[in-house]
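Structures given as structure tokens follow.
Paired with chain B in one complex and with chain C in the other, chain A is shared by the two complexes that follow.
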Partner chain A sequence: MIIEVTDLKKNFGRVQALKGVNLTVDKGRIVGFIGPNGAGKSTTIRLLLGLLRKDGGKAKIFGLDCYQDAVEIHKRMSYVPGDVNLWPNLTGGEVIDLFIDMQGEDPKSSRKEELIKRFDFDPSRKCRTYSKGNRQKVALIAAFSVESELYILDEPTSGLDPLMEREFQALVKEQKALGKTVLLSSHILSEVEQICDDVAIIRQGEIIESGSIKDLRHLTRTQFIVEAVEDLDFSECQGVYDVVKDHDKWYFQVDHRHIAGVLSYLGNYQVTKLETKEPTLEDLFMRHYEGDAKGGV
Partner chain B sequence: MWTIFMMQWKRLFKQPFVVLTFFGLTLLFVTFLGQGQSSPGVTVQTYTTNLPNHAYEELVERLNRTDDFNFKINDQETVEGLIRNNRLSFAVQLEQDTYEFIVGQSSFSQPLTNQYLNEVYQEVRWLLANDLTEDVLETFVPLEVTSRDTSGSAIEFQAQVIVGMTLYFVMYTVLFQMMSIAEQKTDGTWERMMLSPVSKFNIYSGLFLYYFLIGFIQVGVSFLIFTEWLGFSFGEQYSLLLLSISFFLISIVALGLMLVSVVRTPQQLQAVIPIVATASAMLGGAFWPLEFVTQPWLLAFSRFIPIRYGIESLSDVIVRSVAINDLLVPYSLLLGLTIIFGGVGFYFIEKQRK
Partner chain C sequence: MSRQPFYQVGKLLRFYIKREYVKLFTWLTGLVVTTVAVALALSGIYQSDQERQMMAETMENPAMKALIGRGFGIDHYTNGAMFSHEMLLMTMIVVAVMSILLVNRLTRQDEESQQLELLLALPIGRLAPSLSAIALLVITNVLLAITTTVSLTLLQIESINFLGSLSYGLALASSGIFFGAVTLLTAQLSNNQRGAMMLSYLVLGMSYIVRAVGDAGDLWLSFLSPLGILQETQAFVNNYFWPQLIILIFSTVIMVFSMRLREKRDLGSGLLADKKGKNKASGFLKTTPGFILSLQKVPLLSWAVAMLLIGLSYGSVLGDLELFLTENEIIQQIIGSANDVSLTEQFIAIILKVMAIISTIPMLMVFHRLKSEEAKGRLDHLLARPISRVRVYSWYVIISLISSIVLLSLGIFSLAGAGVYVLDTSIDFWTLVQANLVYLPAMWVVLSIMAVLYGLIGKLESLAWLYLLFSFMTIYLGDLLEFPDWLMAVSPFYWVPELPVEVFNVWPLITLTVIAGGLITLGSLGFIVRDVGQS
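Moving on, here comes the complex of A and B:
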């Protein structure tokens, strides 16, 4: 196990930011860490990085305490923040070299040049002239230029254009192939869905859902789009939700365990078109949001 | 440590304006003070009401046997006119066995002049009382010793002011350089450094070494220019000179860390630095000798000011050529202040990570 967080608590004055977070990340897995703003994502990451002291529970990386052994942990991991702060009067290249040097590797012998080309980055300009996307590239290039066992990425693609986003995703997949572990906090759910093996959803300082994306999909509903000659009546059909009629089309969602029953029920009608859509991570996420709005899932 | 150290130099070379300005200001003041030093001493206007002309001339000639003072013969009316028009700070009325100051405004030179006149008149009164001539003085070794002490205090005053001004400006340079920590705390790059696998000890060591060296180079260059161009002698105890500068600079870097830890923005620090540096210089004896300060609470406060011990130890090395044993007290006090300032600074900076 690379990351082991058990009943992690953190208070800021009277505000309980983390109420007992549990999270595990196994070696070689890419884990998406998602949640709405203020849910506790950044606090969890800052605790993992040793920037904050915990108020309770356990936070370990590589079996080491995240606060006490921060330096030892940082030697074996790379971090990319969502908002990259750089020294304004140094050039991008100098900052990348500095980060690599601080990581204990030789900037000349690293794979920096290759990554600079892949991200189409100009390292000769001063950091104060860089856009948000370019600042993000500095952090990404520096992080992936060094050999790390773990990558903690906090909104790493904010400000990147779609081409660069794709490059980033390819890079993460390459790291996975090399057996590296990645914890990816992101708001872009499609990105998480594409590259992550597992997902942990945090809400109000607690992990409310975690597991493989495949498993989680079973927890949510499948979208049905049906065209039929006559009107459909789902009043006696179990597991059907959010029924909406638009001209000849019917849109509704079906619980996984009731799919067979719904298909059998539709056999009673003259269905001219049937379309189903796998639930997206966004659907899963929104379902928890809705639950939150209604007072809990 | 070296990565952090080299990064600071890289940043300095890209933005050297602040450091160069303070280097320039130091050299300007050092040159200005140095030229003052090379002038033929303090000019003092005198007059007499009772002494006959030849006795007055003899007395003035005798007073002018030192290089530190230049006593001028004048008359009462002219001198009083000059003082009334603020063109003269003070003058001295010389009589056979006594003298009297006529003061228009206070001056640093007056206590020194008084000290010197007191020494000379002690001799005069002693000779008169014993009905002896001046020739007999050459056979009295103790009087020669007293005479040497008198000239020493004038040099001490000059050395104190020159050293004080240099240390005052170097405080500015170091503290303004340390503003980069406050800037990094604000823009988030400080946190980025803390996220690296470089230990806190190495980060602080790299930064401390850089700030220390910046100050050291500035003091070194100033003293070199003083010696080579302006002919001021800093004595021959170079190792003790370097040691004194080092102890002082370490305490200033620690003071800077404390200031950085208590402010929230670089702008606040920008406001605090001149107040701290100038108040320290005033209370620590950089602008005038501490003997001029009479308020007991100000003197008590000055015990917590590094520049006081910096000036004290450097003056002792330059003027009195003391041994290292005699400097243990100022060194210990500077070390103590370093521990206090550094401890407070480190505690508050780390507390912010809570």
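Moving on, here comes the complex of A and C:
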């Protein structure tokens, strides 16, 4: 186990930012950490980095205490925040070298040059002239230039364009192939879905769902789109939800365990077209909002 | 406690040096050059013992003590005694400002703009940034002490010897280290950079005021102020080293305490709690001037309090001064007989000029905020809405102007109130008020320099601060060092009639106002056409 968080609590004054977060990240996994704005993702990550003091519970990385042993832990991991601010009168290249050097590696012998090319980054300019995306590239290049066992990434692509985001995803997958572990926070679910093995969903300071993406999908429904000659009647059929008819197309969702039943039931009709869609994490997410109009903060 | 709290402090220090050395080199050069120039000039101008003794007599009164500090070796006023009397206190304040800016930049500013988060996510000890900042603070101030000591000694001026230079240099360094340590503490207290900086300046200001009151009345109060303690080094007279030692011990205690606090608090937080803000914008906030004022509410209110305090303390000096002069009729005869003007009025003229200089600072700060709003890209939010550039610029100018009037008035009303009503001095209340308010046009000229540079080119507006510093030097050192008239005339304050002493003349005031108005208008024209944006 690389990251082990049990019942982690954090208050800011009277605001309970974390109400008892449980999270485990195993070696070699890419874990998506998702939740709406203000859910507590960054707070959890700052606690993991030892930047904040916890008000209860346990937070460990590599079996070491996140606050007391921060230095030891940081020697073996890299962090990229969503909002990267840099020193305005240093160049991007200087900052990258500084970070790599601080990680105890030689800025010249690292993968730096390759990453600079991949991210199409100009390291010779002063940081004050960089856009948000470019500042983020500085942090990403520095983080992936060193040999870390763990990458903690807090919405690291919020400023990148789609091309660069794809580059980033490729990079994360390469890390997985090398046996590295990644914790990737995001509020964009599709991004997490494409590259993550596991997800943990946080909302209002609590983990409401976690597990492998495959397992979680079983909790969800598959979207069906059916065209048939006759009118369909689902009153007899179990596990079918949200039936909508649009011209001659039928849209509805089916619980995973009832798929077989629905398919055989559809055999009774003259179906001219059948489409199914895998559930997205959005659907998964929406399920938790049903019956709770408050949502995030 | 966390393990390895200072891990990689050396590497971090090297990084901090790389970031700061240009700025620090400029500060140190400026300080040492000024020190050397003044020492040379003083010894060149006042060559005989008699001349210096005459100066000593004019300095040895409550008003001057409040202003520039208590002198030592007055009976035998050597070059060294005179130099350190004139320069030590003021230079200690400048060194304190340099150190406050340095430590604030490296600690709270980095924390607020989240660079510290990036650093602490690397294998860097939690306290390493604080310790590196302190190390750089100490290195800078020790370098200052060394260069000051060596260059003063090398001048080979009689009575400016090695030991005296060393005590002088170390007093400067101790002031810097002390206020740097205070800034490390305020960085733990406030959760934002401006707030922390303001707290540090508050401590510096109080140190000056407490010492001023103490020195003017020969009270023990001076020993509550670090500046008051440090001048007890009596450089070039007795060369004591205990004041530096005491201050350095205090500094160390403050530093250790601050690091304790840092260890215990969250990154990004401050120990002084933030009040919960309002949900909705008030009607006032929605107007352009209301918005600008709301941004600067806290500093402006603090300055209002500061001006009241400064006024009160200088006002109390007036009482001391009259008492002193009646008790020392001989001195009055020596100096006062030169012309008809009373000694009291001469000193009042100096104090009023200093008050005007001090209230120029908040006025410039109000306008300078426009620049930092632009630099941080926040001005775009205003300009992208139906708010014209002229409107934004004009309101900043207007609010600066109003704050100059309000703050100067606050200062002089409390000075005159304390001096005239409480202490019952013989000067007329409204004479004092008028004598101070005539400096407003000169203050506006300094503002217009900032406005025109900002408006036309969007940078170099900080030169206005240098211009203010220069104007202060002409007031503070001009007569003493016998600056030529043309040099004195560069300062706008030179043109203002010194009211209790000179007769009122409206023309210079009109001219200054017209110059200020012209430059401000020119700046607004430039601001309309130039590029606006983040930098």
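Keep in mind that, in the parts below, the second predicted complex is superposed on the first by the 291 of 297 C-alpha atoms of A that agree within 3 Å, B and C clash if a C-alpha of one lies under 4 Å from a C-alpha of the other, contacts with A are read in each partner's own complex, and residues count from 1 in each chain.
As a working rule, contacts are C-beta pairs under 8 Å (C-beta built on N, C-alpha and C of every residue); 3 or more make two chains touch, one makes a residue touch a chain.
The shown structure was predicted, so the numbers you read here are calculated from the model rather than taken from an experiment.
Chain B and chain C, once both complexes are superposed via chain A, clash. Of the two partner chains placed by the overlay, neither chain B nor chain C lies in contact with A:111.
With both structures placed on the common chain, the touch criterion links A:128 to chain C but leaves chain B unconnected.
In the superposition on chain A, contact of A:258 is made with neither chain B nor chain C.
Set side by side, chain B and chain C differ in how many residues of chain A they touch, and the one touching more is C.
When the shared chain is aligned, no partner comes close enough to touch A:173: not chain B, not chain C.
In the superposition on chain A, A:13 makes contact with chain C only, while chain B stays out of contact range.
None of the stretches 166-174, 292-300, 364-372 or 472-480 of chain C clash with chain B in the superposition except 166-174. Looking at chain A, you'll find residues 49, 51-53, 71-72, 74-75, 79, 81, 83, 85-87, 89-90, 98-99, 101-104 touch chain B in one structure and chain C in the other. Those residues of chain C that touch chain A in the shared complex are 1-4, 7-8, 11-12, 15, 19, 113-115, 117-126, 264-268, 273, 534-535.
By the touch criterion stated above, chain A contacts chain C in their complex at residues 13, 46, 49-53, 67-72, 74-75, 78-79, 81, 83-87, 89-90, 98-99, 101-104, 128, 139. Residues 3-4, 7, 10-11, 14-15, 184, 187-189, 191-200, 353-354 of chain B touch chain A in their complex. The touching residues of chain A, counted against chain B in their complex, run 49, 51-53, 71-72, 74-75, 79, 81, 83, 85-90, 94, 98-99, 101-104.
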